[in-house]
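Across the two complexes that follow, subunit A remains constant while its partner is subunit B and subsequently subunit C.
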Partner chain A sequence: MSVQRGGLGRVTHIIGEGLEGRIANRHLALFGLGFVGLFFVLPILLLIPESLNLGSTTPFESYRRVANGIYVDAFVRSFLYGFVTTVVTLALAYMLSYFLAFSTERVRTAMILIIVPLWIAYIVRYFGILLFLSPAGPLADLTGFETDLLFTTPAVIIGLANVYLPFAVLPIYNSLNAIDEELVNASRVLGAGKWRTITKVIFPLSLPGLVAAGLIVFILAAGSFLGPAVLGGPNQTMIANVIAQAFLDNFNIQFASALAIVYTVLLVGLLLVFNTLFDLQEVLGNI
Partner chain B sequence: MSTRTTTKLEGVTFRALITLVFAFLLLPVLIVVLTSFTQQNFPAIPQEGVSLKWYQELLADQRLLNALTVSLIVSTVSAILSAIIGTIAAIGFVRGEFPYKEQISTVMLLPMIISPVITGIALVRYFSTIQLPSGFPALILGHTVLSLPYVFLLVRSELLTYDRDLERASRVLGADPATTFRHVTGPIISPAILAGAFIAFVVSFGEFTATQFLISPGTSTVPVVIYTMLRTGLTPTINALSVVLIVVMLVLALSSRKLSST
Partner chain C sequence: MLEVDSFTKYYGELCAVEDLSFRIEEGEFVTLLGPSGCGKSTTLHAIAGLVEPTDGRIRLRGTDVTDLPPEKRNIGMAFQSTALFPHMTVRENIAYGLKMHGYSAADVEDRVEESLELVDMPDHGDHKPGELSGGQQQRVSLARSLAYEPDILLLDEPLTGLDRVLREEMRGWLNRIQREVNVTTLYVTHDQEDALSMSDTVVVLNDGQAQQIDSPERIYESPANPFVAEFVGKSTQFTGTVTHENGQAVVYNDEKRITLPDSSIDDDQSVSLYVRPEDIEVSPEPMGAENEFRGIITDIANLGNRAELSATLEDGSTALAHTTRFPDIDVDDDIFLRFPAERVIVL
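Now for the complex of A and B:
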């Protein structure tokens, strides 16, 4: 090893050394963890003392405020919309996944068409739905047909389901694809009809993928900011909007932190309840 | 009705349903693109002819061009950073041996699980504590953290399928670890690293929710500008800007897919 080695040579040398020994590999992992710890985990954890505001004359004040009616409503709404979105999305995703797994034609194209929206910014996709539902929008302009859905709960659910649909297709498709075709054939040979085969063989075997998909969609939808912000009205405010409002409009970081912490605790609590019904480790293995 | 016709009818109904679901998924994006070519003053589907005047409008608007520049700078720098850090972490987690490796590796994925609003307020608060200026430094660091899990997952899965015998062969034949990395390991995993960088760029380029907390006056990104414009009223300029966003994101995402499948 010479001292004159240039920049690139030195970098590859360091990485090469790193690939060599076990201790160095552990250090590489530690470096990644340190970065996430320092610039993600620590900032999130610091919201806890921030929310308690212990130095002030009125500690826990923020938490008392969280129990207020309008904020409780926002929590209930987040989990409710999250749940309804999950049900709608899973139904649509199951159809698409079934088509992808058991149809023989143009599956590659169909798969690309499902994945492409994942690569397009949420804001653009919500904007598209806004255009669709807008009473003075292009659809109304072209067909004369107007909906009064915009800024209502169904509009928000439509938006959330649209945006998170591709996330749900992937795990369901994987679990359907993994089903041994011989099992389906056996069911048919033994005299079960198409529907009986679906409900008694295919559906139960795809359950792990379905549960994983539901989990992803629920977490994403319940925490959505843009869905209600673009497509909802004042009565569709979800928890993310309340947090943003507390911070951006009222500059109240203590209250925003308290809301964020209560939300995260509730979400983790829900996941733990869920864990007693399904094995979370196994579910996450399906993603 | 014979069973044959029932099956046929079922098939037709199922196909119709699938078509509807695809329409539901894709039409919103399509309508954004289509109405960007309108000649009218609001986003309408062009009927009498197309016009590019809203794209010209875009080129004449300093604020929008500035947002585009900011977005490109932030996404490029944060993608490079997150490719480097993500790759180092992925190598560490695949090759390193330590207890609870699997469980600990989920920490690397936390930024994609926590609601971006919470990430946003946590980061902006933290950055002001450590006195990191808002604007570019905050945006770049924030986007690096948010896109890191994607690079980590991509490079990790590439390393897991990688044949370590190639490395051993290189060593047996007398190459030192640096040479082995430069001529064997590096070339094999570099498409995955580049694919990861492209996906990190895409994630950063479209991020809105956490970003709205990190911007400073003068460093608005494209999604933030689109959101602000949406609140003030519908003009086809929003469409033109959205189409630029779509094109950049799709080109990079497709390149990434090409790289990771080869």
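Now for the complex of A and C:
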């Protein structure tokens, strides 16, 4: 061939020639799996020996400490906040997605408005809410009404719901948008009003998206660190904050590892319970 | 029974249906026939209450339903996509309309079973729609739309997407059910065979306007305009200007002299002439009759019970003839085609 190849093109060409016939699709999977294995599974497994006081007579000393009141509170609070955030976020996201799927032609514009916040760092968004809610902030300036929301549970929930909303809108919108309009028409002609069509046809058919959204938001929210750190007070400390404190402030790697292990086990256990209740395989398989 | 009065629908600037009026009598089977985009589906959706008319009124059993939502109209509708609820069983699908129409639990149960019997699917009640074949889904869809005894049944291309054999089977079956239940039916299709074989009355639509409202026989034998003549059925077409010779109206089309059925037609009119393929007789020898032309066979399509011959006439135009006898002729053979003057459709 007379065409002169550029530097980079030449290099990729040589590499391509070398790999030709030696690499199959299953090899591609290995890269992904290898990455996850090396940087996710292995570190988590390493936490187990770290959490134990090996060589002493009380190897489970850290776990005993985890059962202390303040830590149990942090666990309970994490799952509770996770749950409340999920409920609030799903409700908001469902209404928004419904509007997107059935009531507007301007889906693209609306989607951009929903996606753009994802480009902005969490910390910036939390600080935005912090400023907005603060007694000297815009909300107080505009309304002349100083809220006591800052550093309370509602402030944390508002922050979390705000940040995780896009993660819920995408799967819910997808499943609502996939509903054939003829099904809605059929329901109406069969005698069901708008509301009954929503409860009997649209809602059941959007369940896969709702469940997927719920899982994503719950897992993200229960493990949040920045939200409670910026918008909450001492009484809003969640488990991620406790782990970070033990790890970064107190350098107590053993205790931090124990907390992390317990949290992971509880979360996985919770998902298993959820799975038996909703049969995730079936629900998620329909997406 | 159903009266569509000056129905007009605009989508923005785009006119979907313009000033369409027709009536359906009790128990009648009426078909809206037209090419895609002719406005037939829009009309059906408007009758169901799923499309809001820009203008015009729709009356059902003497009541003006134009401003009623779909759920208040007591209409049954089967959709092209079947629109069966995928998360419900067949039984639940059929029960849905009954429940929404306020039937008691016991009545719902009885009527669901009756409906399943009606469409010959008594054993399929517990299946999900996804487990059924296309034809079965259409039958369930029909059962669902008939279960609560609607005033009128609307069918939106229910046979489209089924294969040819199944389609013909479903036509007969649909007609049987319609007679059995004796429900007034409005059927929408782009398929002329559906329309001609099933209906009492056909409304031919094009570009949002009614072209002809007539019996299937009249639509085929006496089309109102060139669109209907060309859309419904096949034909050989000639054009020309009318003159009179020896008291007979004739049209010269290039070299060909065509005698028209009716001599009362005025001179100097430009007309389109259509001859149906079954009206054209073919033979290897000339008979010296009027309306006889020489041609060369270009194609012979065997349709089982008959053959469809395509021939190129001397001036290059194409003629189409059906023959039940299979004459000893082949592609590229010289033949003579003739048709009686009274079978010429003049438009």
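Remarks
To be clear about the criterion, the second predicted complex is superposed on the first by the 244 of 287 C-alpha atoms of A that agree within 3 Å, B and C clash if a C-alpha of one lies under 4 Å from a C-alpha of the other, contacts with A are read in each partner's own complex, and residues count from 1 in each chain.
Assume a residue touches a chain if its C-beta (ideal position, glycine included) is under 8 Å from a C-beta of that chain, and two chains touch if they have at least 3 such contacts.
Nothing here was measured: the structure is a model prediction, and the numbers come from that model.
In the superposed model, A:V72 lies in contact with neither subunit B nor subunit C. When subunit B and subunit C are set side by side, the one touching more residues of subunit A is B. When both complexes are overlaid on chain A, the residue A:L30 reaches subunit B alone and has no touch with subunit C. Of the two partner chains placed by superposition, only subunit C is touched by A:R188; subunit B is not.
Once the two complexes are laid over each other on the shared chain, residue contacts for A:A178 go to neither subunit B nor subunit C. Contacts of A:L42 after superposition on the shared chain: subunit B is touched, whereas subunit C is not.
Using the contact criterion defined above for the overlaid structures, shared-chain residue A:V265 touches neither subunit B nor subunit C, since it reaches no partner. Residue overlap on subunit A between the subunit B contacts of one complex and the subunit C contacts of the other is empty. The touching residues of subunit A, counted against subunit B in their complex, run 1, 9, 12-13, 15-20, 22, 25-33, 35-37, 39-44, 46-47, 50, 92, 95-96, 99, 110, 113-114, 116-117, 119-125, 127-132, 134, 136-139, 141-142, 162, 165-166, 194, 219, 223, 225-226, 229-230, 240, 243-244, 247-248, 253, 256-257, 260, 263-264.
Residues of subunit B that touch subunit A in their complex: 7, 10, 14, 17-18, 21-22, 24-32, 34-35, 42-45, 47, 85-86, 88-93, 95-98, 101, 104, 107-108, 110-111, 113-126, 129, 141, 144-145, 148, 152, 167, 176-182, 185-186, 202, 205-209, 212-213, 223, 226-227, 230, 234, 238, 242, 245-246, 249-250, 253. Those residues of subunit C whose C-beta lies close enough to touch subunit A in the complex are 45, 48-50, 69-71, 73-77, 79-81, 83-87, 96-97, 100-101, 144-145, 148, 154. Listing the residues of subunit A that touch subunit C in their complex gives 180, 182-183, 185-193, 196, 200-201, 204-205.
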